[in-house]
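See the structures that follow.
Common to both upcoming complexes is chain A, partnered first by chain B, then by chain C.
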Partner chain A sequence: MAARRFTRRHFLKSVAAGVAAGPFVWTPARAQGFNWKRFSGKELFLLLTKHPFIDVLEKNIPEFESLSGMKVKWETLPEIQARQKMTVEMTANSGGIDAFFTSLHVEKKRFWKAGWYHPLNKFLADPTLTSPDFDWNDFTPGARAGVTQPDGSVSALAAFVDANVVFYRKDLFGPKGLTPPKTLADLEPLVKKLHAPPGTYGIVLRGLKNANATQYPSILFPMGGTYLKDGKAALDSKEQVAALEMYTRLLRQYGPPGVVNFNWYECSAAFMQGQVAIYMDGVNFASQFEDAAKSKVIGKVGYAVLPSGPGGHFSPIYITGMAVNAQSRNHEAAYLFAQWATNKTNMVRELMAGVGVGRASTWDSPDVKAKPKMPADWYQAYQASLKIGRQGLPEIVGVTEYRDIIGVAIQKGIEGAPAAQVLAQAQKDFQDLLNRTES
Partner chain B sequence: MLLVAVIIVYPIAYTGWMSLQEWFASSLTRPRFIGLANYGKILLGDARFREAVARTIWFTVVAVAAETLLGVAMALLFNREFWGRGLLRTLAILPMVATPTAIALVFVMMYHPTLGVANYLVSVVGLSPFRWTYSSQTALYALALVDVWQWTPLIMLITLAGLASLPREPYEAAHLDGASPRQAFWHITLPLLRPALVVAILFRAIDALKTFDIIFVMTQGGPANATETINLLLFNQAFSYFNMGYASSMAVALFALVMGASLILIKVRRSTTW
Partner chain C sequence: MVRGSARRRWLSTAGFYALAALFMLPTVFVFYWMLTLSLKPQIEATAYPPSFVRFSVTLAGYREVFTKYPFFLYTWNSLVVATGCTLLGLAVGLPAAYSIARWRQQQLAVIILVARIIPGIAYLIPWYIFFRSLRMVDTYGALILTHLIVGLPIIIWVMISFFEDVPADLADAALIDGCSHLGVFWRIALPLVKPGVVATGILSFVFSWNNFLFSVILAGRTTRTLPIAVYNMISYEEINWGTLAAAATLITLPVLLVALLAQRHIVTGLTFGAVKQ
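Take a look at the complex of A and B:
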């Protein structure tokens, strides 16, 4: 019980600190003599997730060990297992994990409400803890918003930022004189023109429930739809109906057979086998399209920002970050690791490996420009998407449950049920979920 | 006795206790005692759970019926002497040895509607392609097929053992009385095999009711909720929604279902008529 009270009080304090600190500005005078070795000799334990970002990071952890003089141990688990382990460890209040990789688009509100994130505002404002070249304001506004809670506390340092973009087959577009869709109104006629089964299907998007919930906003946001209106569920608005109608009709009429149960794996496979003309999904999947061992469409893929619509121009973004465990006994030492993991040098390394990050300075890095791993339009589409980035999922406690609710509605829609009807049910379930978990 | 208490009784009792609480594993609020409210919700309020129960039972019936028919047929075949029997019998048992998760991943690729080998095989026989796990109409059957592929050999093995222990005399007597092989099968083999068969079906039914890995890997309960069995639903409630109390009450309900099915089958075994 004591630990819980401590955590809550800690929150209030750090909120106050965050407000007081205001914008984080570093002057050269403060920059001198940043001491990485403050916690030399300590040992850190990290809980990491199987993820391209972590694959790149893990290789460089020894560099952090020699920089800081700390010993780092870590465990890397698949995302779902990591979340389960986290829940068990935290519920048991073991304090064994110092820092962890967190999928904010799923965990942000839940872990925050549970008091598992150690707020970082005070650390970010403290020149003895934050190296002057870290530069918090270098993170894109979307990335900063993604790690910041409603009360202003910063729960993690943004690491990987995914954005939804359009992948299209240049070799199919070119001969017909087609260009990627500028607006939602362009999308369907375009897909229709490219649809030539069984050789080529017009479009593929995720159909599998839960997984599809991250792709649905690519249509929903430009259509003008939102998840919540004044804190209440808004799944039955006319924009929602129009968006679900469009998403499911595209897949029903122009998608490959069986698309209703396609996760990104099947979508990407169909696209890489050359069976699909247009594919909209997370920008990070692109690196395999350009991998000769996996892809038949290497060099033929164009990258573009998502189409706009009557509701505006958005790209749903999903953020993961490095967080400090509130139960850890080494908050400050763990923060040093999180800071190092998301510093400019490491972020450039990630981008060079084709892993997208939300740090503005990385785009102009001479290293990235000299040795681009991906085609130029990939970098352009990604950068443009970050500028119009909006958190892709509702920021609520029950994200997973929401994803199942809308996911089932989408699958029923793909199999032919009317959009208004499936959304009426989803609205009811979603409001019920909000009543149970958000109060 | 103490060991039994610690590793069997305690978890069951704890689950039972948990099922009477409302508790979200990630929240700051402590578990709250709500009596039988979770069970009330299961029985009356939650359509998703009711559908999951019906689906679980249907999946079990379809899979186990097919496994029994095929398993007995294979056992009768392998009970005869023929060249290469030992080798074939060993090959037939192989599916049982494989890890369900690995098998599920292989079947995911085989079932792919445009790239998979399953539709190629179907087209070779001259049928039009199926959607397999990629349609809510066929997904549950496609999953049952995986279960059948993997577990038919178990029924075959147990039946084979049963066949090997059958006495010769009744057959000789029947032969003298002029019974055809078919009559001998229906009136002698099957009744004598019944104890072994019931055990085999019991094993399989308990296992099929609890099937989790192949469904989790292959469909995660989809499309829509077309393959969401009790186990899938309770996994979601517990580890995706962190709704521990409610999930516990589902676990207890599943436990009751498995127990009930087992008791019925054991009773069938004891009774003298089919």
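Take a look at the complex of A and C:
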């Protein structure tokens, strides 16, 4: 499995190819005739990750077995361990895994370059392999972009789409007549008004290096910043400086003590313990906020889309998907599973369990509307965020290394170092990383 | 005069216990925290400032461990693998250690130590290819054999010093009386080093019991061992503390009990041979 070399010319060519391929089109007339039983009798092995999406999916796998006549075996490991196992399996070229759950925001380019994803374009266009009601265009543009590589190949089918939103305490906002921030300019005065330590801190965001890299774009994108400009590192732009200044100033002045070392766990715990007025993070946390066994703020949390800024209105999104292993001996059968796992029926089930998915039709499903698990503003904030979704991390091979680079800069910023100075160092390190891994 | 010395003795005893308590506190506190965490509801587990003494007690964590996860299967797997690894390790390691000690095969001993020094992760991919082609992935056999890389060097190295302390004259006398080398090992040397065998056996058992890395890669759904079970409580952006702590407590308990019961042997085992007569 030779690693694909990726050059700029390759990139341009591939973008052109992707555009030319255009949207996939199906004729709904054949909906009834789709043959799920084509690979009846085969056995599939899946490598899954411990994840709310998988918790829901696992329960329904027997349904796929009877639908397809295939036998499905699977293993569910925590994300880090699953990635270790995947690496060993792929290096050993075992072919033992047919389909796997993939965190595209980390693995997309790395696995693609290694040739681990089986491209799904032909399968998606083949009416004998893709059920007419699957409807690729039902996935939001952000979700489709998130699974598509620079050469136009589709590496996975989007399953869970995490979007950053604003969580705020309605019980603190209400008496003061406050409303969630519409723009970045609104954010800081708002946080200041709510800041009343030690009972309540104005805001919490992830401070710990690496972890903070997924929350930083909530400020960076509306500020107008990007990670790359013409394929080169762009961490020292004036938008970056403004964003990092704001992110770190908010935490330094209005964050709980020790926030510089807060990962998602400390942030969400502080919010659930009622110590923080505003928290911006992945929309998925809401299911814990609304769980009486875990949260002291149940029923008090409002959900809103992130504020916009001079650079526009964005929500950083993080996509996980179901991929077919290039080394599998049953590509087509594995694709049937991936397709089933992300079809409309299953996505509605996910949404009903409070797990967010990037399929537009599911949001209007009568089932979801009849039995909403989450508050109405959660659905609204989520849906609005998906529409303005942009991949939250740079789509490069060295995602983890990038996260460390920017993460250290943010931590230093929180501790008081000037933004321009820490970003100059980050810019240099990031460009070195790109030179090393992207050429 | 007598009274003075009694008081001094009392003071030194008190001082000893105070010092012991001081050093034990960090260790014991970890266990205390684990135990209380396993009994707390999630909302109190994440409370800040944390509640050390007063908290409401729930057994939900323990209930979940047994109902949501095949905990007995994992326990059984861990038992089989740790026992298998220990027995096989002793069967191979004791004669090896005896031979190295009796005939001074220092190079051999060093080679075995090198196997232990190389980080375990370096073996993983070759092993995986190897066991895969033998169709042994997700079998007890693969786990037992790989855990030997941790257990066997310990057994051999600790036992070498035990066997070195067995006087050579005893062996020579037995040989003159017509005993074979194997007979000397079995009838003379082995009974003399019994405490060492117990100690190394326990150490090897504990190492295998706690091993995480090899089990992640080489075990499957049917052979998964306990340490991996703990990781099952960590999900995407969610940690189930009560259940995690309950599982951790249940996993630690047997090892703790074995260690306490066999404590005397372990201490002998670790220091035996340090001082030569």
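To be clear about the criterion, the second predicted complex is superposed on the first by the 413 of 439 C-alpha atoms of A that agree within 3 Å, B and C clash if a C-alpha of one lies under 4 Å from a C-alpha of the other, contacts with A are read in each partner's own complex, and residues count from 1 in each chain.
Here, contacts are C-beta pairs under 8 Å (C-beta built on N, C-alpha and C of every residue); 3 or more make two chains touch, one makes a residue touch a chain.
Note that the structure is a prediction, hence the values are computed from the model and not measured.
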| item | value |
| --- | --- |
| First, second, both or neither for A:K294, with chain B first and chain C second | second |
| Which of chain B and chain C A:G96 touches, first, second, both or neither | second |
| First, second, both or neither for A:H51, with chain B first and chain C second | second |
| Touching partner for A:F262 - first (chain B), second (chain C), both, neither | first |
| Chain B versus chain C as contact partner of A:K73, first or second or both or neither | second |
| First (chain B), second (chain C), both or neither touched by A:G115 | first |
| Partner chain in contact with A:N210 - chain B first, chain C second, else both or neither | first |
| Touching partner for A:Q411 - first (chain B), second (chain C), both, neither | first |
| Chain B versus chain C as contact partner of A:G398, first or second or both or neither | first |
| Overlap of the chain B and chain C footprints on chain A, listed as residue numbers | 84, 91, 269-270, 273, 275 |
| For the chain C and chain A complex, residues of the former touching the latter | 41-43, 46-48, 124-125, 128-129, 132, 137, 216-217, 220-221, 228, 231-232, 234-239 |
| Chain B-touching residues of chain A, taken from the complex the two chains share | 4, 8, 80, 83-84, 87, 90-91, 110-111, 113-116, 198, 207-210, 256-262, 266, 269-270, 273, 275, 397-398, 400-401, 404, 407-408, 411-412, 414-415, 437 |
| Residue numbers on chain B that touch chain A, as the complex places them | 24-28, 112-115, 129, 131-136, 139, 219-225, 236, 239-242 |
| Interface residues, chain A side, partner chain C - complex | 49-53, 55, 73-79, 81, 84-85, 88-89, 91-92, 94, 96, 264-265, 268-270, 272-273, 275, 282, 284-285, 288, 293-296 |
